[in-house]
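Here chain A shows up in two complexes: once beside chain B, once beside chain C.
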Partner chain A sequence: MSEPKWLVDFQILRQHPGDKPHFKIYPLEVDPEENVLDAIERIWAKKDRTLTFRHACHHSTCGVCGMRVNGVEKLTCITAIKSVTKNGGIVRVEPLRNFTVLSDLVVDMGPFFRHMGETRFNSVAPVGYASLPFEPDPTNSIPLERLVDCIECGLCISACPAATTNAEYSGPAALAAIQLMLTQNFSPDLMALADHDNGAWRCHSAFECSEVCPSNVDPAWRIMNLRRRVVAHRFKSLFKFPKQEKQHA
Partner chain B sequence: MNTKPKVIIIGAGFTGCALAYDLTLRGCEVIVLERGDIANGTSGRTHGLLHSGGRYCVSDQEAASECIQENILLRKISKQCIEFNGGLFIAMDESDMAYSEHFASGAEKCGIPIERLSKEQIIKLEPNITPEVIFGYSIPDGSFDPLRLAMGFAASAVVHHAQFFTYHEVVGFVINGTAKLSAVEVINRHSGEKQVFECDLCINATGAWAGKVSEMAGITVPVLPTPGVMVSYGQRVTQRVINRLCKPDDGDIIIPQRRMSVIGTTSFEVENADYIPIEKEQVEKMNQRAAKLVPLLKNVPTRGVYMSARPLIGGSSSGRSLSRTFKCYDHKESDGFEGFVTITGGKATTCRVMAEKTADLVCKKLGVSAKCETQERVLADYHEYYPFN
Partner chain C sequence: MHNTPQSNKWPLWFDPRHRKMGSWAFILNRITAIGLTVYLCMHLIVLSKLAMGPEAYDSFIALAKKPAVIIGEMFVIAGAIIHGLNGIRITITSFGFGVRYQKPIFIGLMVIAGAAIFLFGYKIFSEL
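Coming up: the complex of A and B.
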């Protein structure tokens, strides 16, 4: 096409087991409209086959290509180069924080997916539940369902200051998942998963998670809502008369 | 003594993941080698349409029947990552109306439940559909999350002790004598170290890359990567899949997914599928086609644009068609080369049955008598893939 190309320096943090992490610079001609992930894939295909990175769907449904771009967590498949730099500028790419790096931009998702799995998080929900409660329901039709917003990309974990200081913290995504599951079905197990030191109470209300979330989950709002639910549940439990035990006594 | 046959699968797309699961259940020791992460190639980049078979019920009824059977089966075993809101086929002009008769009789023949809907009924269900709609049919389409569908199969494989080695790129084969593959050489891309994995049989499940991989064993597989462009928009404009009631054509389908809508696709051929540049003309064409089905999309910003390279199988190939939708080459039969099988083609909706048929052939070669068990079992939670592997 006719629009002018930009020349941009991609500075990518390279690291392999046993090596010292270092930035490698790849000057690249880009279309300012194209996304950061397209450029990274091109660097791998044409310039450096040793570069490792994660990607799958290229349209923001899988959540795999999360990275830090110029210091900010981004889903790189939908991050236009023009939104993070200018012609002649720099695009600095680093792996997500608060995850173990396996090499270059590839992080270990094991512990994160274990947390998410524990919440019995279901990727599909009735449309009425899938959105945030203060959003209008576009359908009014009960049997319809859709894939929920959280794509388990881990950007919220990377941006979260509480996750940096405490590796045991469940993290914003898992807490948001618990809140979502609780809206659909009350379960004491889910309450227990939220109501402990490394659960809903570890959050410092920094709201960075909602800031970087590429998918309208609003984990910070959900954590605050979860706390209200936890407190209400505790309060109710205080006054609950243990009927069954009483009868047997 | 452990005498489990050792099978290596190259490629962790839909085919590799579903095959790993099937063979593991049948008692094979399975290792999957993948140069990137799960579903980083064609599989991850599909549009996510769970076919009802409607798109094929005129042109290829065998494929259509296979689609509806697997569609029903996946509703049971992989509920976790599929939106089952159904789909509509809409007629917009006389040529569509002429096609509709073939469509209706084709659907009936293939066992696809359809229901004829008036213009008013369609607009009531999906208010954003073009007012040019004349009538249409409802059909049991769905849409799935590509990565999570693949991960569901992979997780089910690893909980049964299959091992996935991602970021392990195959660089060569160890060949015994002149014509038997005995091991696979890989580079661990995390560490840069070379490793050798021995096996009784190696399955090349690399789809659009199958030709490149088999070349390393000196074998020609006529696979041509045929990419198509897909565009996703930042608004979910319909709740159901919208198909144009016509012969499959460029940009004739809109698939809702999460808060998005995806339109696909075009088709052209390339030599190498590693990097396919996005052609702006094709994107523009998709934009126009999308707005024809749902005019509202004219005003919705695009969210993602991507290319997905389908593996097109060369015409005069000697491979065996286990089904019309995919091809399996036992290189013992086609090239006199033992211990190496290539499987390519297929679609996500039918990946389970494709794996079943391939596993039947592989097990026969290996002397394994166990039957397929994947029809009935619900897949493991996809979250278990990373922690278990």
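Coming up: the complex of A and C.
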């Protein structure tokens, strides 16, 4: 026997350029096992065709459906309605913070992808590098490669308090990408990106990025590891002396 | 649009809604830092009374013995303990140590802070 339907009020933040943001309420009968994105799609299909939002894979791979659900950053395609509300309750849906809103729940990911691009992030890496060091290695040292965890959803940027006040901050995802790339190969320009006031030093240790990351990247751990690398690099550079050029007669 | 990053959005740093323990520690560190900075300014102003002669300084000392001021001093002690211990946690994790245990470290340090604040309070108020 299937679970009885719930009646839930979806409060969705609506905004278009030039308009004042406002919440619009959509009462909806839902299956509590459904995901929030399923309900938003049904609202669009049956109640309001002007609602704009992003969606694609529906299985937490593409990373485009990130939104704030009842104030917390979630991938809406894998967030069950029953995990965020109750029968007769409210689901408040807002766009990600710290991004420019283009329309309703759609934000401009351009600056985020530019920061990611600067890291020359490679989405495939040897298992030993792509996994966190405290995770078990399933390969028994067989040299395999895998897709890295980051799906570039931007939830970490939305949750980060440092990103709230500084648009130039590289952000947790880009810094985690730099850490991953530096782990594989040292690159002076990536080190310079990390050792910058809008790089690893802008992080204020709130650890919210790791709390909301849906993909086990643990950006906070990677940023702190990156800081250790930056400090070690600076320390080593103290003992490097410029090579003297030979004087020619 | 309204949620673009902007420098004037710093009040959002103090919004604990929907956030986890790391953010609470972040907020606590900022509140205590502001409190300690204000106290330092007041402290320097009071010290400047030394240059105004013994009467001005004595009148301040009489004020400083009032219970309301002592309660204020208690807040300063609490702020310094919380800020200092939380700073140790941030320093440790910033060097990449114990990052995965930042929550238990925070809880442990705040338990120590609570005990220290209680001891200081007991000592100060029992001598009133």
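Assume the second predicted complex is superposed on the first by the 238 of 249 C-alpha atoms of A that agree within 3 Å, B and C clash if a C-alpha of one lies under 4 Å from a C-alpha of the other, contacts with A are read in each partner's own complex, and residues count from 1 in each chain.
Definition applied: contacts are C-beta pairs under 8 Å (C-beta built on N, C-alpha and C of every residue); 3 or more make two chains touch, one makes a residue touch a chain.
Since the structure is predicted, the reported quantities are computational estimates derived from the model, not experimental observations.
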Combined model on chain A where chain B meets chain C, clash or fit: fit
Contacts of A:17 with chain B and chain C, given as first, second, both or neither: both
First (chain B), second (chain C), both or neither touched by A:225: second
Which of chain B and chain C A:165 touches, first, second, both or neither: second
Touched partner set for A:211, first chain B, second chain C, both or neither: second
Partner chain(s) touched by A:41 [first = chain B, second = chain C, both, neither]: first
In the superposition, chain B vs chain C on chain A residues touched: B
Touching partner for A:239 - first (chain B), second (chain C), both, neither: neither
Nearest Cα pair across chain B and chain C, whole Å: 13
Footprint overlap on chain A, where chain B in one structure and chain C in the other make contact: 17, 102
Chain A residues within the chain C interface of the complex: 15, 17, 21, 70-72, 95-102, 107, 134, 159, 161, 163-167, 169, 204-208, 211, 220-221, 224-225, 227-228, 231
Complex interface listing, chain C residues touching chain A: 1-10, 12-13, 17-23, 25-26, 90, 93-96, 99-100, 102
Parts of chain A lying in touch with chain B, wherever the complex brings them together: 1, 16-18, 34-35, 38, 41-42, 44-46, 50, 52, 54-64, 77-78, 102-103, 106, 108-114, 116-117, 121-124, 127, 138-139, 141, 144-149, 151, 215-216
Chain B residues touching chain A - in the complex, by the definition given at the top: 36-40, 43-45, 48, 79-85, 143, 145-148, 167, 189-192, 230, 232, 236, 239, 256-260, 262, 274-275, 278, 280, 303-306, 381-387, 389
